[in-house]
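Dropping the structure in here first, questions after.
All chains are identified by letter, namely A, B, C and D, in their written order; residue positions are counted from 1 within each chain.
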Amino acid sequence: MVKPEVYGLFLRVRLYGILKDIVGPEVKIGTDKPLTVRELLALLNDMSGGGLGEWLDKVRVAVNGEVVESDEAIIRPGDDVALLPPSAGG
Amino acid sequence: MVKPEVYGLFLRVRLYGILKDIVGPEVKIGTDKPLTVRELLALLNDMSGGGLGEWLDKVRVAVNGEVVESDEAIIRPGDDVALLPPSAGG
Amino acid sequence: MRRVLVGIVREEVDVGRIVEGFKPLGKEGYGAIVIFVGVVKGVVDGLGVEELRYEAYEELAEKVLARIAEEEMRKHELGAVAIYHRVGDLRPGDTTVYIVVAARGRREGFAAAAEILDRVKHEAPVYKLEVREDGEFWVIGDGERVPRPPRPRGP
Amino acid sequence: MRRVLVGIVREEVDVGRIVEGFKPLGKEGYGAIVIFVGVVKGVVDGLGVEELRYEAYEELAEKVLARIAEEEMRKHELGAVAIYHRVGDLRPGDTTVYIVVAARGRREGFAAAAEILDRVKHEAPVYKLEVREDGEFWVIGDGERVPRPPRPRGP
């Protein structure tokens, strides 16, 4: 089981693969309000000076260890969020 | 390399798989003349009371460690002959 | 005997030991063990590869591997499935991924192993950076290469 | 390193050791090792199998295995091939045949291993007697079973 870590009123986002290079390996966002996945991606894109650009369509977002399919899914402070580029195993 | 064993004026034939059950594991045929593959098969069929019957079409004959394709191929006394049913490896 | 073995691992996996574990399933009618082992290539598109740096979102990756194993086990009527993916800095000749299936027959076995491998490549949150003689590239999906962008912080 | 390994063998084969030997071919661009291991099934057509008695015309069998390995190596551009077939009295859960190929990619690897296995089954002079609960059967070709005929001499 994934254990969400609470950072006060922060939201912790871990990034993988090329996204880590663009945005950074981990981002803490100060917020006490829930966000949608769409809002979170927009925020991260702004933080990276628009660097997420072409990746916004390809990124998958996992919340508490499961991929969420909808851009309208809600993320709450304390949730464990991961931004995942297309897989490249093997 | 296969080393042919000479049995005086005998021809040694080893049999495999179901053919061994029908004819026997090894047959020595006294002959000082060359035989064709066809003649050898007819002889072995006679020796087994016609038991080779349905197998005559399916049998492969190897002479000195290589399968011969033609029924007219010549076998000489001293050759190492093997009678092979259809393969069943794996 | 555990029928589903999966893991994101740092070390090599002992394939012989998995085969040893799956062999007894022959008694239940599983007569075919098919194994795929991926190996880092030293040459891609004619260019030398120095290293592949693999990382995974591990919490999710192991769940995804287990899900793939269980779904494919049902679909192909397998007796057992093992899927291991390595992470870390791997060099040409190092192993990367291991798929082992015990199937009733060879056709199901080959089909299952190939399909599991495809799914692992596309579904498991595993990422690789190819360090080549002409630079560093992120491998995206099944072969597209994107030059590594400049980083916002440290190397 | 020997690129073609074949044999008619009495003992089990250490698959892990073959993988160990083929891994370094990754450096030359062979990124996929595919392995097939055949296992004696304990159940065939719902009937219990006690034993499979394998025999081979060994002088020819090893030549045939080597020929298959070399031809398939050229056809599928493989880096290395191993083919081992066991003989003797084998029981359910025992291994029977081992095919290992090192290929450039997974598709060639799976295709080559499947094709080599088919050829071994049809071309290698290897024979098997299936000892089942309902009697003894010679397996002919790829699955036809013929009841064992009465023998002209001892068992």
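In this section, a residue touches a chain if its C-beta (ideal position, glycine included) is under 8 Å from a C-beta of that chain, and two chains touch if they have at least 3 such contacts.
Nothing here was measured: the structure is a model prediction, and the numbers come from that model.
Peer 1: Both chain A and chain D are touched by which chains?
Peer 2: Touches both chain A and chain D: C.
Peer 1: If we define chain centres by averaging CA atoms, which chain lands farthest from chain D? Would you check?
Peer 2: Chain centre farthest from chain D's centre: A.
Peer 1: Distance-wise, how many Å sit between the C-alpha centres of chain A and chain B, to the nearest whole number?
Peer 2: Distance between chain centres: 75 Å.
Peer 1: Express in whole angstrom the distance between the two chain centres, defined as the mean CA positions of chain C and chain D.
Peer 2: The answer is 25 Å.
Peer 1: So which stretches of chain B touch two or more other chains?
Peer 2: In chain B, residues 90 touch at least two other chains, as defined above.
Peer 1: Which parts of chain C, given as residue numbers and ranges, touch two or more other chains?
Peer 2: 38, 106, 117
Peer 1: So which chains actually touch one another? I want all the pairs, not just one.
Peer 2: Pairs satisfying the touch definition: A-C, B-D, C-D.
Peer 1: Write out the stretch or stretches of chain A touching chain C in their complex.
Peer 2: So the residues of chain A in touch with chain C come to 2, 14, 16-18, 21-25, 48, 51, 60, 62, 65-67, 82, 84-90.
Peer 1: Flag every residue of chain D that touches chain B in the complex, lowest number first.
Peer 2: Per the stated touch rule, the residues are 38, 55, 57, 59-60, 63, 85, 96-97, 117, 120-129, 138-142, 146, 148-153.
Peer 1: Please output the residues of chain C touching chain D within their complex, sorted ascending.
Peer 2: 14-17, 19, 22-44, 92-95, 102, 106-107, 109-110, 113-114, 117
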